[in-house]
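Note that chain A is present in both complexes that follow, paired respectively with chain B and with chain C.
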Partner chain A sequence: MDKFSFKDVLVTFAGLFITTLVAWVLITSTGNNPSEVAKYLYEGGFKGTRNIANSLYQATPLILTATATLISFRVGMFNIGINGSMYVGALYAGWAGYRFTNLGHFSHVTLCILIGMTVGALWMLLPALLRVYAGVSEIISTIILNFVAVLFVSYMANGPFRADPIAPATARILETAELKQIFPNSQFNTGFFIAVIVAILAHFVLNKTTFGYELRSGGDGLVGVYPSRFSSYLGIPSDRSAIIGMLISGALGGLAGAIEVLGAVRYFFQELEFNQGFDGILIGILGKLEPIGAIIASLFYGAIKNGGFFVDYKTDVAREIIIVLISILIFFVSAQKIVKGLEKYPIVKKLDSFFSRKKM
Partner chain B sequence: MNKEIAIHLKNITKSYPGVIANKNVDFQVNKGEIHALVGENGAGKSTLMKILYGIEQPDEGEIVINGSMETINKVETAINLGIGMVHQEFTLVPSFTAPENIGLGQEPKNSKGLVDWKGLNKSVMDIAEKYGFKVDPGLKMIDASVGVQQRTEILKTLYRNANILILDEPTAVLTPQETDELFNVIRTLVNEGKTVIFITHKLREVMEIADRVTVMRAGEVQGVSETKNTSITELASQMVGREVFLQVKKDEADPKDEILNVENLWVHDARGLLAVNGVEMSIKEGEIVGIAGVEGNGQTELVEALTGLRKASRGKIMYLGEDIASSTPKNIRRKKIAHIPEDRTNTGLNTQLSIWENLIGNSYFRKPLSSKGIFNLKKVAKHANKLKEDFDIRSPNVSLKVKSLSGGNQQKVVVARELSEDPTLTIASQPTRGVDIGNIEAIHEQLVQMRDDGGAVLLVSAELDEVMAVADRVGVMYEGQIVKWVNPKEVDQSQMGLYMAGVTE
Partner chain C sequence: MEWIEIFDISLLRSLLRSTAPIAIVGMAAAICSAAGVLNIGLEGKMLNAAFAGVAASYYTESMWAGLTAGVIAGIMTAVLFGLLSFTLGADEVLAGLAINIFSLAGTTYLMRTLWGQAGFFSDPKIVGVEPIHFTFLEGTFLEPFVSGFTYSVYLMFFIAVGLHILYYRTRLGTAIRATGENPEAAEDAGINTVRIKWLVTVFSGLLAGISGLFLSLENLTMFTEGMSAGKGYIGLVASSFGNATPLGTFGASAFFGLGDAIGIRLQGVYELDSRLILMIPYALTVVVLILIGIRQRLKVRPVAIPES
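Coming up: the complex of A and B.
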C-alpha cells in the first residue's frame, strides 16, 4: 500500500479545517455555542484519566475491526462483513463466559477469546468458499451475512441462550472470564492491550513475513483483485490466500466482539448494537490499509467519539450532530484531491518526497 | 513553406517525487503530419502525452492548440479541443461490442430518451467506412483480437471528433500484418486532415511512417528531425546517448544434453477450443530455440502448458527426464524453469506492489532473503537494488509501486526477476515488448549469456526480427502445430512469411 506522505498530513489538516468550518455553521445554526462545543469535545476526548480511558475504550474494537478489514482488502477480497463476525464472536464469547465453570482466570479468558475468534472466522468461511468455488461476489455475500448475523444473535439471545426471564439476554459471564477494567467509572479494559498487540502482530505478519507476502501477492490495493493471475503465475495458490485472509479477518472481527462482551458489557442481550465493523472499514482506509495506521486512526476516532458523548452530556447539541461531523471529517480527510492543486508548488513537492522517502 | 502548428507544448516541466519526468520540454506538431515521439524507457514520452490529454497537470509550461493557449486540466477539455488518445493498455469494456464501447458515455438518444442503438450503429459504421476500417458490430471485445480492439479505440476517438490523435506505443502489441493495417489507417486519417502523434520503440516504423520525429532523453528533448534527413542509427544514438549495436553478437551455439522434450502436446484454450494439436519439440542446454508465427496460432497456450498455467489435454512434457505435464506452476518454478509471460500487467506483475516485492516473487522463500518465514529486509533490499542496477530499471527507489514505472521499466522488472535465479530453462514470451533499443540489446545479451552458461532458452516472439536474430533454431507455429524447423541463417524474411502462413512446400 501507499506509505504515508506529507500530502496525507496536508489532506488531514485541510479536512480538519473544512470540518471545523462546517461544524461552526451547523452548531451555530442549531442555536449553540461552537466554542463551548469545541471545548467539551476536546475535554471529552483528551482531558483527565477517565475521559482518556473512555476514549481508549472506544478505540479498542475499532483497532481490531479496522485491522480485520484491511487484511481482507490486502489479500484482494472486498470484505465488508466484519460487523457480522463481531456479533457472533461476541455472542459465543459471552456464552463461553458463563457456560464453562471451574476454570482459572487466565484459562477461562483465553478459552472465551479463542471461541469468539473461531466463531468469527467460521462466519467468514462461507463467503470465502462461495467466492472461491462458486464465484459469488464477497461484497454481496458479506453484506447479506451482516443482516443474517443480527437476526441470528437476537434469536439466540431470545431463545436458546436466554437466561433472564424478563429481558432477552444471556446469563452474565463469570468473574473468571472477565477482562479487567482498570479505572473506576470507565469501561476501559485490558482488551485494549490485546487489540494493540494483535494489530502490531498483523503489521509484522503482513509486511515482514513470507506468509504475509504470499497473502498479499494477489492484492494489496483498495480494489479486490482476487483471483490474481500474478499469484498463480508465481506458484502461490491465490485460492488459499483468499480463504486464509478471510478467516484471519473474521477471527479479528470475532475478537473485537469478544472483548466488548468480556471487558465491557459482560453479557449478551438482544438490543446490543454494534457498528464498529462498519466504522472499521472507514478507519482501515483512513489508515492507508496499514495496521499501524489503523491504530492511530482508531485512537483519533475513539477520542472524537468519546468527546461527542461528552458534548451530548454537557450541552444541548445532539450526539447525532457529532456523528454527522465525524462523517464529514472522514469524507474530507479521504478526499485526496483537495490538495491536488497544491502539489505543483515546489515546497510541497520537496516535503512530499522527503517524507515519502524510505530506506530500501 | 509555412506550416500551421496544431500543437505547441512550451517549456513543460513535470516532476514526480524523486524524478523529473519532463524538463523544459518544447514540443511542436504541425497540422496534418505524422509525428513520431521516441526515447528510452522512462524518458517521459507517456507523461508528456498525458499532460496534453489532461490526465496529468504540468508543474510549469504552456499548451497551445491551433494557435490559442489552453489550460487542459481534465480529459473532457482535451476531447473538446479535438484531442484523442489511445493508451497502450486498452480501456474497453470486454463484454461490450465495438459500437457499445464507442458510444459509451456519448450515447445518442431517441425521442423517448433511450439509447438509440440503431443510430449509434449507423454512425459508427459510417465513420468506419469513411476511414476504411473493418468493423464487426456484433463482436464482443473479449473475443476480438488485439488489432481489432485497437481499431475500436481509435474509432472511439474519431467518434468524439478527434482531430489530433495520440497513439502511445500502438504497435507494441500488434503482429506485423496488423501493424501494416494500422499504418494504412493512419495514412487515411492524415489524408483526411488529421494530425497523428505516434510513440514507438521501433525505429524502422518511424522511418516508414513519420514525417518528423522528436527524440527525448531523461525528460528532455534531444532533437527534432525530418525522417528523410535522419537514419535509424542516428536516432538510436541520439536516444541512448551512445552507439547501439542493432545486431545481436553471439557465437555458434554448442548444444549439449537435452533439457526439454515435448511429445505430441495437445492443449485447449480458455474457450475450450483446440489451440495446440500435436506439438513436438526438443531443447538442449546451450541453445536458444525460437518460436515464430502469427500471434494466435497456439503460442500462448503452448507456453501456458509448459509453465503449468494451463493443463495439457494430451501428450508429454519431459523436463530432465520427468514428465511435468500435470505439475503445478509452483513445482515447475522450483525446478528452475523461469517464465517471462507475454502479459506483463496482469500476469507478470502486481502493479499495486512495490518494485522490490515484484522482484522477489521467485526468490522470497530462500536464504538469505528470508529465513524461517521471516524476511531479512536488508538482504532483500540489497538483492532488489542489485537487480535494479543490473537491469537498468529507472526509478529513484525500489519501494515505489511498480505502477509508477514507465511501461518499458515495468517489463525490465519482469525480465530481471525471471533471469535472476539462475534458471535451467528460460521460457521467454515477448521478452522485449515495450522496451527501448538500448535495453533490447541488453536483454538479448542476457539471453545469449544464459545460453553460453549452459542454460536452455525458449524464445517466443511476434517480432520476426527478434526470433531470427537471437535464436539458434526456429520453429514456425501455424494452427497449433510447428509446421517447419529452420536455421535462421539460412532462410530469408519472405520465405518465413510463407511458412508462417502455413505454406511449407
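Coming up: the complex of A and C.
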C-alpha cells in the first residue's frame, strides 16, 4: 500500500464533505436541527478540560485496536476478532487485578497487563493455526469467535468469576492494579500513554526493523494477502509471520481490554460492552494502515465519539450516527478507483510528488 | 423428562424453523462464492431487510409492504456492495465489513431516533407473516410434519432445488461456476465476468433479504438491535462446508439448525445457563470450521503453503 499521499488526503476530505452532507440529510429528516447537533458535537469533543480528557480516554482503546488491525492486515491476515480478544483480555486482566495480592503497584499492573495480553493473543491462536495449516478463512473464524467471546465472558461474570450476589460482576480490582486517573470526573488514565507508546513502537518495528519487514512481506497492505509469493521468493517463512502477526494483533486487543478494566471501570461486569474492536478496523483503514495514522485517526474518532455521547444526551439524535458516518467515510476511502482516478489531473500529480518527498 | 425424549416431532419442526434463515442466506453465500465473490456483507443485508420489513409493516400496517420493503432493502444493500467492490474497486472484504458495521449502526440509529426505543422495537401495528395451514391435510399423519410453517420454510426447499438446477443444468450456471473457478478462461470464452458477479450479488441480496425478513416478520414480529446475530456469517460457513453447492449448503445449514433446535429443547430438560445455550450455534460453527480445515488438509496441499 502506498504511503500517505496528497490524493488520499484529498479523497478523505472529499469523503468528509460528502459525509457531512449525508449527516445533514439524516439529521434533518429525523426532525432535528443539524447546526445544534454540530454545536454539541464540538462541545462534547473539544470544549473544556473534562471533555478533552474524555475524548482522549475514548481514543485510548481505539489506538490499540487500530494498531492491532493494521498489524494483522499488513501481515496479510484479516483479523476481525480483535473485539473478542479485547473481551477476554479485559476479563482476565480484571481477574488478575483482584486475585493477586501483596504485589507492588508496578509489578501488579504489569502482571495484569501481561495476563490480559497473553489471553488476548491465545484467543487468536486457533484462527491463525486454522488459516496457516488448513486454509480456513481467518475472516470467518475470527468473526465467529467474537460472538463466542461475548457469551463466554458474560457466562464467566455470571458464574465462576462472580463475586457480587446481586449483580453479575467480578470483584473490584485492588488499588495496586489500578492505572491512575489523572483528571477529576474523567476516566482518562495513564493507559493512554501506554497506548501511544505501543503504537509508536509498532511504527518503528514495522517500518524500521528486519523483524517488521519479515512480518510485512507476508502481505503488506490490502492488496497482498497471505500467503504471498513475494515472501517465499525472499526465503522468509510467511507461515511464521502470519501466526506471529495474528498473535501480536490479539495481544494488542487484550491490552486494550486490560486498560479499560484497570484504568476506567475497575471491575468486569456482564453488561460491559466493547465495540472498539470494530471501530479499530475502520480507524486502521482511515489511517492507511500506518500506526502514526492510527494515532491521528483515533484522536479524531475519540473526540467525535465523545461528542456523539453529548449529542445523544442533549438531543434526540442517537449516538450511533457517528459510526454510520464513519462507515460512509470508509466507503469513500476504500474506493481505490476514486483515488486512482484523481491521478489523471496534473495538479494532483504535482502536489502528490511534492508531498511524497517528505517521508512520514 | 429424559434427554432422549427431546427427539420428537416438535424437535423436527423447530429444526426446520432454525434451518430456514441459515439455509437461505447460506445459499446466497454459496452462489456468491461459486462466482468467486467473497460476500462478507450478507449480515448487513439481512439486518437492513429485517429493519425495513418491520418499519414498512409498522407504518402501513400491511404485511406485503413489509415484505416488499425488506427485499428491496436487501437488494439495495447488495447494490451498494457491488458499486463499492466492482465499480469503485474497493476490496471485497473491506466493502463487506464496512457495510456490516454501517448496517448495524444505521438500523440502531434509526430505531432509536425514529421510535425512541433502545434494544428492541415491538408494536401491535407491525403485521407479521401468518403460518400457512394446509386444510386438505387436516387430520392426516402428514399434518404435523408439513403444515403450519411460514412461507420461508417451504421456500428454502424450492430455492435449494432451483439453484441446483440453475447450477448444473443451465448455461448461466456454467457461466457462474466458470467465473469463480477461472475468471480469465471465462472471459476468453466470452463470459462477461463482471456482469455475472453483479448478477449473483444482487441475487444474494434478494435471498439475504428473505432471510432477514424471516427473523423480524415471521419468527418474531419485532426488530432487535443486531438481530441477525451472525447468521450471515454462519451462512458463509455453511456454504463453505457444503463446497458452495446448493444442496451441500442446505445440508450443512440443517446441521446448524439441528444444533440450534437441540439446544433450545435441552434448555427445557436441564437447568442450563442460557448463555451456554446461546453459544451453541457459534461453538458448532467453530467445530465446522475445524472440520473444514481437516477436510482441506486431507484433500489437497493446504492453500497456506505458497507454490514455489
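The working rule: the second predicted complex is superposed on the first by the 331 of 360 C-alpha atoms of A that agree within 3 Å, B and C clash if a C-alpha of one lies under 4 Å from a C-alpha of the other, contacts with A are read in each partner's own complex, and residues count from 1 in each chain.
To be clear about the criterion, contacts are C-beta pairs under 8 Å (C-beta built on N, C-alpha and C of every residue); 3 or more make two chains touch, one makes a residue touch a chain.
Since we're looking at a predicted model, the values are computed, not measured.
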item	value
Which of chain B and chain C A:K208 touches, first, second, both or neither	first
Partner chain(s) touched by A:T110 [first = chain B, second = chain C, both, neither]	neither
Touched partner set for A:S141, first chain B, second chain C, both or neither	second
Partner chain(s) touched by A:F278 [first = chain B, second = chain C, both, neither]	second
Chain B or chain C, by number of chain A residues touched	C
Which superposed partner A:L151 touches (first chain B, second chain C, both, neither)	second
Touched partner set for A:R216, first chain B, second chain C, both or neither	first
First (chain B), second (chain C), both or neither touched by A:T28	neither
First (chain B), second (chain C), both or neither touched by A:T49	neither
Touching both chain B and chain C, residues of chain A	228-229, 231-232
Complex contact set, residues of chain B against chain A	15, 17-18, 57-60, 307-309, 328-334, 339, 341, 343, 346-350, 352-353, 356-357, 360-362, 364-365, 370, 373-375, 377, 381, 384-385, 397-399, 401
Of all residues in chain A, those that touch chain C in their complex	26, 30, 32, 78, 80, 126, 130-137, 139-141, 143-145, 147-148, 151-152, 154-155, 158-159, 222, 226-229, 231-232, 238-239, 242, 278, 281-282, 285, 316-318, 320-324, 327-328, 330-331, 334-338, 340
Residue numbers on chain A that touch chain B, as the complex places them	1-3, 5, 208-211, 213, 216-221, 225, 228-237, 344, 346, 349, 352-353, 356-360
Of chain C, residues touching chain A in the complex	38, 40, 80, 84, 87-91, 93-95, 97-99, 101-102, 104-106, 108-110, 112-114, 116, 229-230, 233-234, 236-237, 240, 273, 275-276, 278-279, 282-283, 285-286, 289-290, 292-294, 296-297, 302-308
